[in-house]
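Read the structure below first, then the notes.
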Amino acid sequence: MFKRILIANRGEIAVRVIRACRDLGIESVAVFSDVDRAALHVREADQAVLVGPAPAAESYLNTEAILAAAKKTGAEAIHPGYGFFSERAAFARAVEDAGFVWIGPAPDAIERMGDKVAARKLMAAAGVPITPGSPGTLETEEQVREIANKIGFPIMIKAAAGGGGKGMRLVESDNDLGSIVRTVASEAKSSFGDGRFYVEKYLKRPRHIEVQVMADKHGHTVHVFERECSIQRRNQKVIEESPSPFITPEMRAKMGEVAVRAAQAVNYTSAGTIEFLADADRNFYFMEMNTRIQVEHPVTELVTGVDLVRTQIEIAAGAKLPFKQEDLAQRGWAVECRIYAEDPAAGFAPAPGKIETLRFPSGPGVRNDAGVYAGAEVPIFYDPMISKLVTWGATRSEAIDRMRRALGEYVIAGELRTNLDFHRWMMTQPRFLKGEFDTNFISQEWHPLRNGAVHADQAHLAAIFLAAIAGNQSANLAAASSPRASTPTTSGMRPSSWRMIGRLDQLRR
Amino acid sequence: MRYVATLEGTEHEVDLEELTPESFAISFGQDRFEADLRRVGPASFSVLLANRSFDFDVVRDGEEIVVTSRHGSTRLSLVDSARRFTRAGPKRELKGPAQIKAQMPGRIVNVLVKAGDQVKEGQGLVIVEAMKMENEVKTPKAGKVAEVKVVAGQTVEKGALMIVIE
Amino acid sequence: MFKRILIANRGEIAVRVIRACRDLGIESVAVFSDVDRAALHVREADQAVLVGPAPAAESYLNTEAILAAAKKTGAEAIHPGYGFFSERAAFARAVEDAGFVWIGPAPDAIERMGDKVAARKLMAAAGVPITPGSPGTLETEEQVREIANKIGFPIMIKAAAGGGGKGMRLVESDNDLGSIVRTVASEAKSSFGDGRFYVEKYLKRPRHIEVQVMADKHGHTVHVFERECSIQRRNQKVIEESPSPFITPEMRAKMGEVAVRAAQAVNYTSAGTIEFLADADRNFYFMEMNTRIQVEHPVTELVTGVDLVRTQIEIAAGAKLPFKQEDLAQRGWAVECRIYAEDPAAGFAPAPGKIETLRFPSGPGVRNDAGVYAGAEVPIFYDPMISKLVTWGATRSEAIDRMRRALGEYVIAGELRTNLDFHRWMMTQPRFLKGEFDTNFISQEWHPLRNGAVHADQAHLAAIFLAAIAGNQSANLAAASSPRASTPTTSGMRPSSWRMIGRLDQLRR
Amino acid sequence: MRYVATLEGTEHEVDLEELTPESFAISFGQDRFEADLRRVGPASFSVLLANRSFDFDVVRDGEEIVVTSRHGSTRLSLVDSARRFTRAGPKRELKGPAQIKAQMPGRIVNVLVKAGDQVKEGQGLVIVEAMKMENEVKTPKAGKVAEVKVVAGQTVEKGALMIVIE
């Protein structure tokens, strides 16, 4: 087993990998950018090395600095987490060329699955069903229009090098086509260094179901069952669960078998996910393979009892899979809510900032994988995820009961805004509770102006007013007396308010 | 002390009376409530009112106060009626030239128009990247591009003026 | 189902019951004493009622005040938690007489199991094996000596009305006998209102293994497998796990069957635990039945997926058990460490006080049931438990790996002392790791002066010194500037220190 | 600035030099280290030293400072060598009469001796209840009970004098 691992990532996934390392008795090395000096992953790691300024391209995507950090600290292996370098074959190769172990699939497998167009062809050849769309990559608005006319709107335009909800846009009709093609092409070029894109038929009321696979370097490949990720906003997942409430046992068995076949087609090793879209008739189509650990891996961990990240590390160190297909079973149900610093009332736009007060939920069935702490800043430079709140229950309904309770306990207050109220609303939606939803659920059902407000009676309102007045006076006091107060104020407080808050302060003892 | 609390557009006149250092009477509308208040964290308050237990975290967000509990968040503005110290100014009017501002901090990926261009409503003006997402910013009205204040590659703060449409 | 439940308890178990209520959509009513106004269970409940001054006898054991609180708030049922009223048949009767539902076994069952001497006789009659000892209760030193001479030292003297490690003492030899008999008799009288006691043979190297049972009001009784609670200090459990690393599948099946028989002998309903002592030859003897939910119930919940507290409430509301014996299975392993405000270096004496800094561990496999928050006081009047830290793993060794990691993440700092370092030490002990321990483990292996210290190299020491200097200066600043600082100091800080901490404060932004 | 840190009975002379507002040089014994220090909570500090990451929480416990990290707790005393402001006084001698004090706050359940009684070493003096546990407090030496300062039913603070044995 390795003695020391460098984690080329930040946020909750870096902390997640540190925890797996600690369980295995392995030392962890964090890397950080200028703005992340005091980030949680730096605090939690055994070692930490500065790799550059805030922009990811100069720090978390700085190959030279990261390999130098690994060398300097004596790390033997590198875990990329998700995002950043995780699906960049060139980096994986550089890691291996520099003599480190890459904790992930072979660069060749990343590459073959990373080219979405080539992957579609490969999968079709391996007998994996694929969606209708362009046979290869496209470059112009005209080419897109031609395909669209053949398969019909709506269509998805996807960057050939994209994935994970990045670099893909829905086109509803010919009117939006020009603007969207421009955006995708530009984004693809700047984000992935590859401006090519392709087109797929956009399924009506699709369900997004994916299968986790694990493969060792000794030829063993298993699937660890499915997740459903149909609750999405801006084509990004916000709520995931396992099992899927949609699929039948027969469909589950078939999807698992197809997923294993797909992974074996590229001699896959480590953790990976085959993403499928399913239509209302329970036909399913290969969408892409994510050649990394995924954000939503905890729902699988809670339902199967498998530690996917620990197993990734063991596989990279040459171990055989510690389980066979027949050892794996699903038990109960798990739901994950991604907690973001964003403003659901403003189209889910990022709303980062400093966290002043933070209380995590806990108790039976609750797991919260966070990347922050009270006093930490959610910086504007990276993905604004605060944590992944995951609950387990013996049934789907118990898991959701617990999620509702955990969301109620979760307190995040400060400069930032969060989607907690959005998730609280979600957990009361009849269609969600019945499992009858598709990837369009949020755009169909969410009305920011109508939802999320507290419906308070007079007594409740009185309590809110009292707290607001007390809190306002505390804030003024803090601003006036603390050198670190971040909310400057021209306080018009009267002396009696000072007296009151002074008393409140005494009460706190 | 009297306050005016504005919540979802409705103004409430609230009278607060200190009964003991830990208990307060709150009157508004027809009702009067007595409550026990404890500070349980830097900006956290436990309130017992008619046997009901409330647990609030309070933060300022600009001119507003956000009170959060397990029931959700409430945004309100609060004015000490003696001195209207937290009152926001009147809303700015949205007529006249359209000022296209950055809604969040980000990087300008591309500028699609130049000064003097005629644009129609909904036409793309700039592409801004924030949080690894690119967004095409469109004009809310047809008109002429009067000013272009940004160039590709530049980073912008939240609220920065990018384009003016006349 | 009930609309509203009153919880006649405090601390983590009150919070645990509130969480179960919330999962079920039931409103919760907390009760509190003067010193608990700002306690976590008051903050978390939907309603809260003051029931008296700090001493438990006048508040948490104040029948009249608690029933009045239930009446006033419209509660329909009362959950007693553990300790306090949980095993007092008279209170259970008073609850039922006042027209509320008692969430626990029938008062008659509490009574029959509460008289430990009568229970021994009853169990023997039902074919449950019992330990050698006095056939009935004793009152004098001489009677104890007589039995001891017959069955041989060491012996346990136990209050007839005691239980849960309270009111019991080990007597190693005749020398200590007088003093211990006096203490037990006095403690039994003042704690349980019943000075009678009895004597049992103290088994050498005993293992403490208990079986969880659940029974509904429709005649269904099941066992939910075993827990092992052999790591004890002062006869109180500090570490528990499930499954037991000691017992064989055959012994497990037999113990489960005996436990169900024991429960049925008193027409038991709700959650209960049959405690057994096992000797090195895997003989097991009935020790007592705990007619309540137990502190260590989470290890069973993690291994079986059953929510025991939720099920208690459902049973009280008249529901049938939602599972049959054959539906229940153990999966993986769970370990619980009880985190106390106590000083292991001073014989585990309680060391309560205010918590200044608190960071709970989290991540895969970690559950932390706490009764406190940052800024809360652990009062001197009650059990000094801070939280129950529980980890789950696919194997015992993975559960312990995760416990070691979680203990490392857990930060509690303030006026109080804790047993965190003790637990950290425990998780490295070869005998514990191998599962080869008995109830004497701590007294045999723990040497407070030698253990628990950080073994730091020069660089680590330098970092500690830097933090100590910075922290010392912060504390002085806080004491000088904050109205709520609890550590008065006659600061001799030089101006340059102020300058330094001012800078540190700026850095924190 | 120079400090004397006493740790497990050993004194360390520590020189602290402020290099920048965020970095410090720490010298003691033969070694000199440079470290980056950030305050990450009211009493929490992140230290990077030779690439190693340490995360400390610091509290005072009487005359001592307790520094806690995932590696465990370290208790030390710290003296600014210019002004020995946190130095504890000399340890009190334990010869002469034995003063039996309460080791924790609690309630006196029973007093087993009265003034004038002769007691032998290890004999029970009082039964104290704290945290629902009863403990018999024994005399550390044989002698005569000189004073009994407590009565049954009374509560005592930590450190309260209960019995004096001559």
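Going by the order they are written in, the chains are A, B, C and D; count residues from 1 in each one.
In this section, contacts are C-beta pairs under 8 Å (C-beta built on N, C-alpha and C of every residue); 3 or more make two chains touch, one makes a residue touch a chain.
Just so it is clear, the structure is predicted and the values come from calculations on it, not from any experiment.
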| item | value |
| --- | --- |
| Winner on C-beta contact pairs when B-C is weighed against A-B | A-B |
| Chain centre separation (chain A, chain D; CA means) in Å | 47 |
| Centroid distance [mean C-alpha coordinates] between chain B and chain A, Å | 27 |
| Set of chain C residues in contact with two or more other chains | 44, 373, 375, 408-409, 505-506, 508 |
| Contacts with 2+ other chains: residues of chain B | 38, 40-41, 52 |
| Interchain pairs in contact, sorted by label | A-B, A-C, A-D, B-C, C-D |
| Chain D-touching residues of chain C, taken from the complex the two chains share | 56, 166, 179, 182-183, 186-187, 190-191, 234, 346, 349-352, 356-357, 380, 382-384, 408-409, 411, 413-415, 417, 420-421, 424, 452-454, 456, 458-472, 474-475, 478, 487, 490-494, 496-497, 500, 503-508 |
| Complex interface listing, chain B residues touching chain A | 1, 3, 5, 7-8, 12, 14, 16, 18, 21-22, 24, 26, 28-29, 31, 33, 35, 37-45, 47, 49-50, 52, 54, 56-61, 65-74, 76, 78, 80, 82-83, 85-86, 103-106, 109-110, 112, 124, 127, 129-136 |
| Of chain A, residues touching chain D in the complex | 29-30, 37-38, 42-49, 72-73, 373-376 |
| Residues on chain A engaged by chain C in the complex (per definition of touch) | 15-16, 19-20, 22-25, 44, 298, 301, 305-307, 309-310, 331-332, 354, 359-360, 362-370, 373, 375, 393-394, 398, 401-402, 404-405, 408-409, 481-484, 486, 502, 505-506, 508-509 |
| Sites on chain D touched by chain A in the complex | 36, 38, 40-41, 46, 48, 51-53, 55 |
